[in-house]
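In what comes next, chain A is part of two complexes: it sits with chain B in the first one and with chain C in the second one.
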Partner chain A sequence: MRHPFLMSIASLVAVAAIFALTAEPAIGQTAKAAPAAKNGTQPKTPWGDPDLQGTWTSDDCIGTPLNRPANLGEKLYYTEEELAQRQTQLARQQENDRQETVTPGQRVGTGPPAHWGERARRPCKQTSLVVDPPNGRTPDLLPEAKTRRIPEGAGNNNPKADSWEDFSYYIRCITRGVTGSIFPVIYGNGQQIVQAPGYVTILQEMVHEARVIPVDGRPHASPNIRSYMGDARGHWEGNTLVVETTNFLGDRTGIAGNGGGTPTSDALKLTERYTRTGPNEIRYEVTIDDPKTFVAPFKVAFPLTQEPGYQNFEYACHEGNYAMFDSLSGARALEKRAAEAAKKK
Partner chain B sequence: MRKTLVAVLAAGGLLLAAVPVWAHHAFAAEFDADKPIKYKGTVTKMEWINPHAWIHIDVKGEDGKVTNWMIEAAAPNSLLRRGFTKESLLAGTEIVVEGFQAKDGSNRANGSVITFTDGRKLFVGAPANDPGAAPGTTSK
Partner chain C sequence: MSYRWRARIVLSAALVVLFTAMPSNGQTPARTSSQIPRMPDGKPNFTGLWQALGTANWDIRDHGAQPGPFIQLGATGAMPAGQGIVEGGEIPYTPAASAKQKENLQNRMKLDPEVKCYMPGIPRANYMAFPFQIVESQRDIAFAYEYATANRVVNMGKFREGAVDTWMGTSNGHWEGDTLVVDVSGLNGNSWFDRSGNFQTENTHVVERFTLGDADHINYEATIEDKTIYTRPWKISTVFYRRKEKNAQLNEFKCVEFVEELIYGDLKKK
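On to the complex of A and B.
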């Protein structure tokens, strides 16, 4: 205990070893957990904690916007009729995905090709990921937050690319932050939960963060110790895992898919709640409270599900990140073209 | 000519703005919407790396000269979930690629549409249709 940092390194190594040993039986764990919950009871670990172990995914809300379109007002849930329509759309999408040949004359677009995406298995019931405030929209930014630079993300056709540091931490394969690692995106939404006495670890597939969360009642680390993913402490409220995360470095990632958007500050406090609502479903909720960024706290929620055969895969990203090379060399090429054009004038 | 280029790039920017922010990194930064390519080539290797797999192909020009191109494909993890494996695309296979060339003019392109020479798509199938999906599913 004299060296809590070393202790957490040691536990990280221990948990990594557990991952190595249990990579295969992950699906078995899923099957084992299911019968207990079917009886209306919550599965427990051998040491008595609620058992959330397994590999979960936020796939079902792929494409659901963080902020609700204004015309939907305070309508959080789709009607049964609208869900049926969305189900039809999903079925059509799956049908298209299984077409063996390309439609003749298909336009080749610049967006991500269809085969890149992973798919929702059932319609997301929500109109937005933000569930509170009632308008389903992220509260306004404070003036000080508006001056923060948003690192270059995906949608800019002509990004500032003087250096790799101009790009987002996600594009650099460094981190997506806590919420950016769990909010549904077009692929790689896996979350593997592994528990040990006193710990819950969540291994997130894309960019591959392992959050080692003590649930033994210890206090937060000193406020001097700060990181991209913050300092997480968990406890159980009934069958709900509550995780409070503080000690963020700040000015790294934002509250959107893959950590995009205006970066949050070092005052960010996240309170997450993981509640098993069925044998194969967890209700995930996170309250985002950053008094240096947003005018008010707000809440995001969506389901995580277990799916047959679904597992996390390895995600070493930096080594093969040709996209970074291409982005920088592309910017240099554009500069050269501009310089040559200027000379000709 | 250059004005046209700028106009096309600007139009591309508008199109891309409609893509959700989580629609992956960097088509915009990496590739040139004004340089579409379509090549038939022979696979020399496939790099199974994150964040995206890359397929290397040899393309024979009209003059008989062979050039090697690198084609960006989906994330390996997404390909695995579609049932694609390391054995699915072996060296020597002929494929057709449509996409856009790297902005720096090198022989790299994204693979918007990748097919075998008979028109069959390389990447078929969705992971969403697992038989025996979880209770509450409507996809059965």
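On to the complex of A and C.
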């Protein structure tokens, strides 16, 4: 299931990324990048907070599975040799994408060209996004969670389309939830961080989220105020931004790319940690604790990187959600045709 | 005295002050109290939760009270009277554009993008009946609007043209003394100014001016030009108030879920 209108925006991003790969110095926005951390020093804002500002992306771990394949056991990181192999694969993919761009009409079929997606620029070092427990796999679901409905139209090629409610909150252009808005997916992984004294804001490209996170020590909002993106409160631990988010609506989005998977409950508590590990890299970690969904808390982590020329674009999802019109009207047309055929018999 | 009356008096007083204190060309930096929050480099700090009072989202022109479109809503759906925010009172539409505005108004429940939970565009996002959060860094300035989670980042660096036209446009800012000037271009033309069908096109260019009157008030002006529908540039001006409640914060209003039946209802399986 795709958003055709949005694809065009994604393609712009992808084209920008390809340009960035082929002609860095010409269009590189390096001057825009955060002041470089000099060998381990951390840039600070003029008011003294660690400075995490810039536009970041989780692109490098695109394609890395949430759950580690069982045969890899407790192996979290690829070897240097395996990474070199993956680097070769990436280079080949980039070359293919370029060929597609410069040779119009070469590709046949009804799907979008591959270069509309975003690409990793370097191989993801991890074998899974889940880093804890040591087997790299999401803990088991509690019995009560197993009965929760996962919308059938969430990425299925032949979805049930009786109503918009058969589709995921992502396809409906409502939200992907907190983790779904940062976990790497095929495109739209941009995270623009803007800080002010007392606030950190994370603007996320896909489905245009804006998380305004107070870092001034104020208490959480009343638990009676529930929302898709929850109530976030941040604080600094050394150079790490720690964000605790609660007050979620239950039974909406899950812990997977685009908010897919089994929906979490209203007891979900997320603890995210953003730590700058280099001038152009943040280590992102999130501990997922939902005592009504999983038998134990678990942790997901991956790098966010700052890339020359990469920027967020407006993702007017609902405004251009032709996919929803087309899916529903297509399903009604098929029913009508079937009814007419039955009448003829 | 009712809340609304107090609000109206406060707004009227503020507008009177604004109109009398400011030269009509608006180019002279507005007078600013020294008691305003400032960033470490001395620039005004607009960070905070702000909201317009008044009824501009109903009609940016002067208007009397009117019944609402649905009898079921009773008094809650009616349109309150209010002073407009258009300087001089009238929007200088060309005759064709004026006719289109009237047609928009006739069909507003069908055509107003706000009804469908579409992004409100600029300047409308600023004076809807929802708060917005400004997050001002030492460089760029983020605006997060509660309605529809609309947002924009004002680029304070080198001027950057938008790659594509968008609902919220492309915002490039700079400082003129203590005034934040934001140039908004690349609007896609689908936005309205209010619920009364006042509209813009993809050629509309908006220049906004934000000035802190004191710690808790932003004097806001915007100049709007579009040769295709207006006979001359025109200006709106209003005031944004800092939300002072102890627990005030930006909440979530993801309205898509509230409009799906309206938009897709006829495509549901019977």
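Keep in mind that, in the parts below, the second predicted complex is superposed on the first by the 282 of 345 C-alpha atoms of A that agree within 3 Å, B and C clash if a C-alpha of one lies under 4 Å from a C-alpha of the other, contacts with A are read in each partner's own complex, and residues count from 1 in each chain.
Heads up, the rule we're going with is that a residue touches a chain if its C-beta (ideal position, glycine included) is under 8 Å from a C-beta of that chain, and two chains touch if they have at least 3 such contacts.
The structure displayed is predicted, hence computed values, not measured ones.
Taken together in the superposed arrangement on chain A, chain B and chain C fit without clashing. In the superposition on chain A, A:G117 makes contact with chain B only, not with chain C. In the superposed pair of complexes, A:T264 makes contact with neither chain B nor chain C. Chain A is touched at more residues by one of its partners, and among chain B and chain C that partner is B.
In the superposition on chain A, contact of A:P46 is made with chain C only, not with chain B. In the superposition on chain A, contact of A:I225 is made with chain C only, not with chain B. By the touch criterion stated above, A:T138 is placed in contact with neither chain B nor chain C. Within the superposed three-chain model, A:C173 lies in touch with chain B and with chain C [touch as defined at top]. When the two complexes are overlaid on their common chain A, residue A:W164 makes contact with chain C while staying clear of chain B.
By the touch criterion stated above, A:Y322 is placed in contact with chain B alone, chain C being left untouched.
Once the two complexes are overlaid on the shared chain, A:V212 sits against chain C while remaining clear of chain B. Between chain B and chain C in the chain A overlay, the least Cα distance found is 7 Å. Comparing which residues of chain A touch chain B with which touch chain C, the overlap comprises 173, 313, 316, 319, 329, 331-332. In the complex of the two chains, the chain A residues touching chain B come out as 59, 63, 65, 87, 90-91, 93-94, 97-102, 106, 108-113, 115-123, 152-159, 161, 167-168, 170-171, 173, 183, 185-188, 205-206, 256-258, 260-261, 278-281, 305-310, 313, 315-317, 319-323, 326-327, 329-334, 337, 341. On the chain A side of its complex with chain C, the touching residues are 9, 12, 16, 32, 45-47, 53, 162-164, 172-175, 192, 194-199, 201, 203, 208-210, 212, 214, 218, 221, 225, 227-229, 312-314, 316, 318-319, 324-325, 328-329, 331-332, 335. The part of chain B that touches chain A in the complex is made up of residues 2, 9, 12-13, 15-17, 19-33, 36, 47, 49-52, 54, 70, 72-78, 80-82, 98-100, 102-106, 108, 110-113, 115, 119-139. On the side of chain C, the complex with chain A involves touching residues 39-41, 45, 47, 117-119, 133-142, 144, 148-151, 153, 157, 163-164, 166-168, 190, 247, 249-252, 254, 256-257, 260, 264, 267-269.
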